[in-house]
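Several structures are given next for inspection.
Next come two complexes built around chain A: one with chain B, the other with chain C.
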Partner chain A sequence: MNPRLSALPLSTWMNHLQGLRNAVEPRAERALALARARWLFRSVQSVGRNVAAYGSMSVQNEGTIQLGDRLTFVGGMMPSSLVCHPGARLSIGSDTQFNYGVSLEAWESVSIGERCMFASFVRVGDRDGHRTAPIVIDEDVWVAHGAIIMPGVRVGARSVVSAGSIVTQDVPPDSLAMGNPARNMSLELVARESGT
Partner chain B sequence: MSPLPVPLSRELGTLLSRLKLRRCRAVGDAPTVLGRVWIHGSGEVRLGHRVVLDGRTAPIELHAMKGGSIILGDDVAIEGGASLEALQSITVGAGAKLGAFCKVMDNQHHPLRGNRHERPPSVPLVIEDGVTVGSRAILLPGSHVQQGATVAPGTVISRRIPPRVTVGGSPARVLRREVAG
Partner chain C sequence: MSTRERIRSFIVDTFFVDEFADDDSFLRKGLIDSTGMMELVAFLEQDFGLKLEDRELVPENLDSLTRVVAFVEKKKQQRLPQVG
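This part shows the complex of A and B:
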């Protein structure tokens, strides 16, 4: 027996199997994520279509939660959490994506616009121990890793909240908020290089 | 104490650590892995000698995406929840310590302007020898923490940090400058 002759079909078979696996696995994960989201958000009053949760989450709903279409909750090392206290309102627009470890907490009102992106370990809570004030995040906002949004803040459309920043004041539209406490600068003025 | 004699249990621990690090391209002598370590992606991960990865509180994530490389030097210690994401290269020097839940990334993943769903170019990230990175610090693309510097917990860095200084805050400032010699 020539080993090379028998090895060749085996490797092609392995390649076929790998290709099949690459084709099937994402779809299976997607289906599992959709089913998991349906189970996790069973207490939520209105859930849009195609909401997917790729990891474990803790959802605690005693108020009103509204979720839009095509939301994605990515799984990771820490579970995301959605908390809505009695009488509070938490609404999330369509096409918004959440990475792992995001924590959203509503005591009064938190509303998130469409097509937003939330990176890992972002915290949005409208009560900080001193006061309770509604948080509004407009559409197309990108909140980067580890940012904290304090109560009473309105983040304007298409703005970027930089990694690790703590937003205590309103962010106008089309601007970049960075630092602790966050300062705003226009996205037009920020250099085109990739650093912040 | 374990019922096994000490040298044997140490060997077993090393074997178990190597089993957890089986997806790395290269692993040095005597790795110590406690808890969970996630090694994702098709890039390469290389570990030096006597690396300590303590993923007991939360998993450590070493994510080398396609074409990326994560290179850890000798005696590197990483605490739980740390996450290193490389699209191009992350180099950690000998004796560096990365604190819990710190994030090291060499790509922003989304551009500040324009189409949010295309990748901006990566900037290689270097952590030199003897650096201590505090917990929950964030090292953005382009960070270059030079020899013996200390990064305070919660700091956000995106540029070169000179040797033997302590930086802290967001945006990062030099808190203490050690006199040379």
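This part shows the complex of A and C:
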């Protein structure tokens, strides 16, 4: 064995290798996510820059889908799904993030604003078997795990939808929607300033 | 039991808080969280037979015992003419 190599203990070499791996791995994952998004959204008319998909997804586009810049689709135990039916419109604003298992379906129109956050297993669909009505989600909205946004609903800017909520009526801006059917209360009533 | 005592005992029993002043902010003192606030609203509606509108769920109406009592009394006053 090379005496210079063996001069350092094996653990040091292992640490070096681990450090190299830690530095390279996130970048490789990022590059893979960008490439995967390109492939997944090949049927989408307009895709912004730096859209990343970190897991498998199902995309079915027979209408018009518009995706903003810097979207993130996180991978996980269930693939997210984007469905846009013929003649329908599905648009997502820049910097919005999606966890795994999110289901977006547009029969007429689903519009999502910028900088929104969608937790795992959120469902947004503008047809429920009774009626079809467009859904609008304004900017900076956070929809928590398992929430369902029903047809015809508008969620106002900076609002939060609680986990598991069924949102059947409009949510005003700066509100917290909670329950089934969801009720809205002012965020000022429940949201502490960060860090206090 | 007065309105104030009924609401206070509900809060103490439901949220396991001991001592709090009538004017303490539920939010800033960390007495009630968002789910708890929904419980409080449901309690007010059921026990006092009120119907609270979503736009009434604001800190001015609900963020301390004093405010809740004043709000409930106001809502009761509004309801009376319809009953009578």
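Before moving on, here are some points about what is shown:
Criterion: the second predicted complex is superposed on the first by the 183 of 196 C-alpha atoms of A that agree within 3 Å, B and C clash if a C-alpha of one lies under 4 Å from a C-alpha of the other, contacts with A are read in each partner's own complex, and residues count from 1 in each chain.
Going forward, a contact is a pair of C-beta atoms (placed from the backbone, for glycine too) under 8 Å apart; a residue touches a chain by one contact, two chains touch by 3 or more.
Keep in mind the model is a prediction, meaning the values are calculated, not measured.
Looking at the shared chain after the overlay, A:Trp142 reaches chain B, while chain C stays out of its contact range.
Looking at the shared chain after the overlay, A:Thr132 reaches neither chain B nor chain C. Once the two complexes are laid over each other on the shared chain, residue contacts for A:Thr72 go to neither chain B nor chain C. Within the superposed three-chain model, A:Val190 lies in touch with chain B and with chain C [touch as defined at top].
When the two complexes are overlaid on their common chain A, residue A:Thr64 makes contact with neither chain B nor chain C. Chain A has more of its residues touched by B than by the other of chain B and chain C.
Within the superposed three-chain model, A:Gly179 lies in touch with chain B and with chain C [touch as defined at top]. According to the touch criterion, the shared surface of chain A, contacted by chain B in one complex and chain C in the other, consists of residues 162, 176, 178-179, 190, 192, 196. By the touch rule above, chain A contacts chain C in their complex via residues 162, 172, 175-176, 178-179, 183-186, 188-192, 196. For chain B in complex with chain A, the residues that touch the partner chain are 38, 58-59, 61, 81, 83, 101, 103, 105, 107-108, 110-113, 116, 120-121, 123, 136, 138, 140-142, 154-156, 158-159, 169-171.
The residues of chain A lying in touch with chain B in their complex are 76-78, 117, 120-121, 140, 142, 144-146, 160, 162-166, 176, 178-180, 187, 190, 192, 194-196. Interface residues of chain C, counted against chain A in their complex, comprise 27-28, 30, 33-35, 37-38, 41, 54-55, 57-59, 62-63.
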